[in-house]
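Please go over the structures that come below.
The same chain A turns up in both complexes below, where it pairs with chain B and then with chain C.
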Partner chain A sequence: MTSYLIKRVLSGLFTIWLTTIAVTLLIHLVPGDPVQIMYAQSQSTTPEQLEQVRHNLGLDRPIYEQYFIYMSRVLRGDFGTTIRGNQPILSLLLVRLPNTLLLAISSLFITMLVGVTAGFIAAYKRGTWLDAGLMTGAIVGISIPSFWLGLVLIYVFSVQLGWFPVSGTNLRNLFLPALTLGLANAASVSRLTRSSMIEVLSQDYIRTARAKGLAEKFVLMRHALRNSLINVVNMLGLQFTYMMGGAIVVENVFAWNGVGRFAIQSILQRDYPTIQGFILIFAIVVVGVSIVLDVLYAWIDPRINYDS
Partner chain B sequence: MIAAAFSACGGSEQSASNNPGTLVWARYGDADSLDPHRTTTTLSWQIFDQLYDTLLAFNDKGEVVPNLAKSWDVSKDGREITFALNSGVTCHDGTPFDANDVKYTADRAIDNKNPSVTKGAWGSIELVQVVNPQTVKFRFKQPFGAFVSFMADPFASILCDSNKDLGTQFGVTKAIGTGPWKLVSWTKGSEIVLEKNPNYKKFGRPVENPGAPYVDRLVVRQIPEAQARLAGLQTGEVQLIVNPPLDDLDAVRNDSNLKLHVAENTGQNFFFEFTTSRPPFNDIRARQAVAYAVDVDRAIQTAFGPDLVQREKCPISRGVAGNDQAFCDRFTYKPDPNKAKQLLAQMGYSASKPMEVILMTSTGDNREKMVQVFQSQLAQVGINAKLETMDIGTLNARVKQENEKKSGVGTFDMMDWAWFDPDILHQLWHSPGAYSGYQTPKLDALLAKTRTTIDPTQRKQAVNQVMEYLLKNAVHIPLYTPGSLWVYATRNSVQGFKIGTFNRPVFNDVKLQ
Partner chain C sequence: MILELRNSAVKQFRNPSFTIGLIILAILLFVAIFAPIVAPFDPLQMNVGEPLQPPNARFWFGTDDFGRDLFSRIVHGSRLTLMIGLVAVGISMVSGVLIGLTAGYVGGWIETILMRSMDVLFSFTETLIALAAVAVLGASLTNAIIAVGLSSIPFYARITYGAVLVEKNKEYFKAAQALGARSPRLVFRHLLPNILSPIIVVATVGVSIAILSASALSFLGLGAQPPSPEWGAILSAGRDYFKRAPWVTTFPGIAIALTVLGFNLLGDGLREILDPKQRS
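Up next, the complex of A and B:
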């Protein structure tokens, strides 16, 4: 277990390290002069000022030096300041990060609740119209862009029914974005749950349990569901990554004040230092949470021996 | 207990929206800073404009009028400008406004260590002198014709000198000005809350209300998605939005609860410019052929319909002092496909050998539709234009890159710029120019004159000479204004909302019913 943990952390650190290189190169991938792009049509900014920005960002140095300068700053917790507004980037990101995490975790909860329930019922009622209906619904769910689903939910629940506000970042506003993001991912979870349930239901121990005369409810909940959930739990880390990615779109639709929406505004304003900071923080969170979930999985499922 | 917690949670927002004294304005993004020296985005300066005042102001015609300064005087050599300030104005923190605040602001903007991002617009200031508390004098190394109008722009907002004690909090949690609204709080990424300045006195702002705004609070909220903004307006959660979805404008027009406001005289302009460092557009005939080939009025009708944008014939846009449609019309190439074909034939092009070029533009509103119409008009005279659309930042870099290349397919672009003064032409075309584009010593000399001439009548003549030169040489072909659309929608309960010249929403006259 310990060596598994060490391996997992090391591979996570490697991923983050690769991200830091990508982030440094990012600014050079754009065609033309990045400072000119960032200050596009910022009339009356003098050439000397632009030269100063170039210098401050280290763009006048060889690229490996730029990398070391950037990394030494990042390791000291200095992500630089925004191009527009001159505000410290790290604090702008950290103040919004809890909102994104709250949205992602709430969505994950909805995903699990809806996905597992639907998959369970579909597997149990395999071959019936209910199964067909639920799985068709899942395909529709996978296909619907969350952007569009969000707008439909706003139209129904806010404009027509008046139950929820259209925008804002507080508990009352959490439901619609979490539902949007949760439903989009529930579809794939329900299909996974269904297939693992079907697989588990055909196992010998289920037949044995039934043969013993155990109540069907007990067989399903205690033996079948618990065992099929192992596959689902295994996907939690991946699901969380999807949630974080999806949050970027959903935050924008619902004006949820998270890092994703902040990133979109920075991208539209071509604020490269902020985009760099966002990618780095995002990678750290995703890698960190994935490690925690993987370790939890290993801990929960005693059949898995990672040391061998 | 849970119910209580929930109602407490949403309660503040709910009561804010329902309070008749609060106007909620939803925009697509947040301000970057409330320090006018740190950013140039519209989202930011539209807030500066509420918090601070300027020495001078623009009236509805875009003319400069007195504001915090009751008068100004320019010395004969144009190197000294003296402002006499109104008395009895107080800053938001209660300290009196005087010449020291003006000096503090200007010194801060041109400070070498950390100058304003619009330092260039302040000109070559040598000294700012407090003559007495009600008089302040600016001395310049060279005369600078655009300075007077800059004093009416939000980038030249006057900061009270008590801000200097705020350190890094200035522009973030606090901002002390003399404007009609005071900063209460700024929750980054969420909302900016302003309350009315009860001591506000109107001098030059284009409003009727002589004193403090009628509405108690102005809450500026962010809803990035246009459809969601419109939904918020329909539910009454917000009372004013900027840029509803363009495809849904009819829904707004037809909704008896809502009203549409289209900003005019925004100073923004869309125009064609050409890569003149190589063929074919280094030849004036190629540029003229494009100008004769396009029918701008028809393109506007097709892409935007009747009332969203206006035909613009001058290189400086409607709203900017010196814009003169009749004058510019004299040098405008009228649609004439036959002339275009003749010019192309002279250059050796024909139906079997069309002119191959690239037409670039930026993403946004209906401008892609616009260039598609141009593409088909150009095809009719034998110009094959390949369309390339990119974001505005990339377009800026690309145009400069193209101008620096000596070979390759000819390119031209539909570009969008905005400024409040004819000095825009100097920024664009005086060498080295914003894009290293078309440059001649003659044009440089004409442009230099627009900067060194201070007398308004003489300066207008100098600007006219530049416009004539640019139009005749088909260097800068004006198309339409405003460049980027600025459309606002209000609920009917909002009375007295106004968009001043240069897309400056003003709330002094707003009453909620």
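Up next, the complex of A and C:
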């Protein structure tokens, strides 16, 4: 277990290290002069000021030097300041990160609840109209754009029924964005659960369990569901990553004050230091959570030999 | 693969997913090709009617805030949507397949570097890669298509790579190798045709993913810009007054969902036809 853990953490660190390189290079891939592009929206900047910014961002140095300067700053927790307003990027991101995590985790919960239940029922009622209905629902669900689903939910529940405020960032407002993001991913989880459950249900030990007269309830819950859940748990890390990606879009629909919404504003303003900070934070969170979930999975599933 | 398809010509149409998907896409293709005839108005012409009219006999889908005919805009948007989906998938499929083939066939340190970097990219989700690409390139429809195309490369590379590893150990391939076939022949005559069917299935579903991603970028203001009749862009503009005029966001949303559904159904159907083992 320890060696598996070390290996997993090392590969995660490697990924983050590559991200830091990519993030440093990002600004150099911009066609044209990034500093001019960043300040294109504010007319009052003189060439001298632009030169000063270039110098402050270290863009007038060789790339490898820029990388070391950037890294030494990042390691000290200094992600630089925003182009407009000169505010510290790291604290702006960290203030919003809990909101995004809250949204992603709540959505993950909804995805699992709806997806696993639907997939389980469809597999058990395989070949019936219920199965067909659920799986038709799933493929339609996969096809609906999340931002549109969000607008529809706002229209129905906030505008027409008045149950929820239209936007804002607090617990009362969490439900609709979490539902939007959760449902968008529940469809694919339900398909996965269904196929994994069907596979498990055809196994010998299920037949044995039934043959020895075990109540169907026990066969399903104790033998079938548990074993098919292993596949689903294995997907949690990937699903979480999807949630983080999906949150970027959904946060914008609901004006949810998370890092995703902040990132889009930064991209629209072409605030490269902030974009760099966002990508780095996003990578650290995604990699960190994946490691935790992978280790958890290895710990839960007795079949995995983590030392091999 | 072509042969498999031909042999199962009858079976295809008994497969409801495939048939329904095909019908949806055939209608879409028809609308896209004949857009100027199907659409009663110019999609960019302002004030063809009063602004924000609800759907009626003259303006089937109503009008937007500039008094443009929403139906005509959506009809013309179908061209953009199809182009976006196909070009983006073209970019990711060609690059991904080349990377996967190279890594799987050549092996060694090239394999390690290529596939490790694909793993790293894969762990960032397509959304983040697409956003980073748009951040670099700037917001426009062309850049959004490139961004979406780039974002899925790791996905195709992995599938191709996996398939190559399997095929490489099969008898026919070893025989061809033993007979002294040279690399290009081995790769393009032997490997590629045999790994093509899973890739085509994935690419069909991939078109739907590409359309969703690109429309999301436009919705966020990072893709197609007004007054383009791109569906995500129409939705984005309609957001500002969607409480007063919900039809402006409803119809492009349905259009996106139907198109994506068409490609998803077609992909699912193709998977079942080409790979009966996976059928459940």
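Just a few scattered comments:
In the analysis below, the second predicted complex is superposed on the first by the 307 of 308 C-alpha atoms of A that agree within 3 Å, B and C clash if a C-alpha of one lies under 4 Å from a C-alpha of the other, contacts with A are read in each partner's own complex, and residues count from 1 in each chain.
Quick note on the criterion: a residue touches a chain if its C-beta (ideal position, glycine included) is under 8 Å from a C-beta of that chain, and two chains touch if they have at least 3 such contacts.
Source: prediction; values computed, not measured.
Of the two partner chains placed by the overlay, only chain C lies in contact with A:246; chain B stays clear of it. Once chain A of one complex is fitted onto chain A of the other, the partner contacts of A:172 are limited to chain B, with no touch recorded for chain C.
Once the two complexes are overlaid on the shared chain, A:36 sits against chain B while remaining clear of chain C. When the shared chain is aligned, no partner comes close enough to touch A:189: not chain B, not chain C.
When both complexes are overlaid on chain A, the residue A:159 reaches chain B and chain C alike. Contact with both chain B and chain C is seen for A:268 once the two complexes are overlaid on the shared chain. Within the superposed three-chain model, A:49 lies in touch with chain B and out of touch with chain C [touch as defined at top]. After overlaying the two complexes on the shared chain, residue contacts for A:138 are found with neither chain B nor chain C. Look at A:93: by the touch rule set out above, it reaches neither chain B nor chain C. Residues 30-31, 37, 151, 155, 159, 252, 264, 268, 270 of chain A contact both chain B in one complex and chain C in the other.
Remark: chain A residues 14-15, 18-19, 22, 26, 29-31, 37, 126, 139-140, 142-148, 151-152, 155, 159, 194-195, 198, 241-242, 244-246, 248-249, 252, 263-264, 267-268, 270, 272, 275, 279, 282-283, 286-287, 290 touch chain C in the complex. Chain A makes touch with chain B in their complex at residues 30-33, 36-38, 40-46, 49, 82, 84-87, 92, 95-96, 150-151, 154-155, 158-159, 162, 165-173, 252-255, 257, 261-262, 264-265, 268-270. Contact residues on chain B toward chain A in their complex (touch as defined above): 5-6, 9-10, 13, 26, 29-33, 35, 38-41, 44, 115, 117-121, 155, 172, 187-190, 221-225, 227-228, 231-232, 234-235, 237, 391-398, 400-401, 417-419, 424, 427. Every residue of chain C that touches chain A in the complex is listed here, in rising order: 17, 117, 120, 123-128, 131-132, 134-139, 208, 212, 215-216, 219-222, 232, 235, 239, 242-243, 246, 249-250, 252-253, 256-258, 260-261, 264-265, 268, 280.
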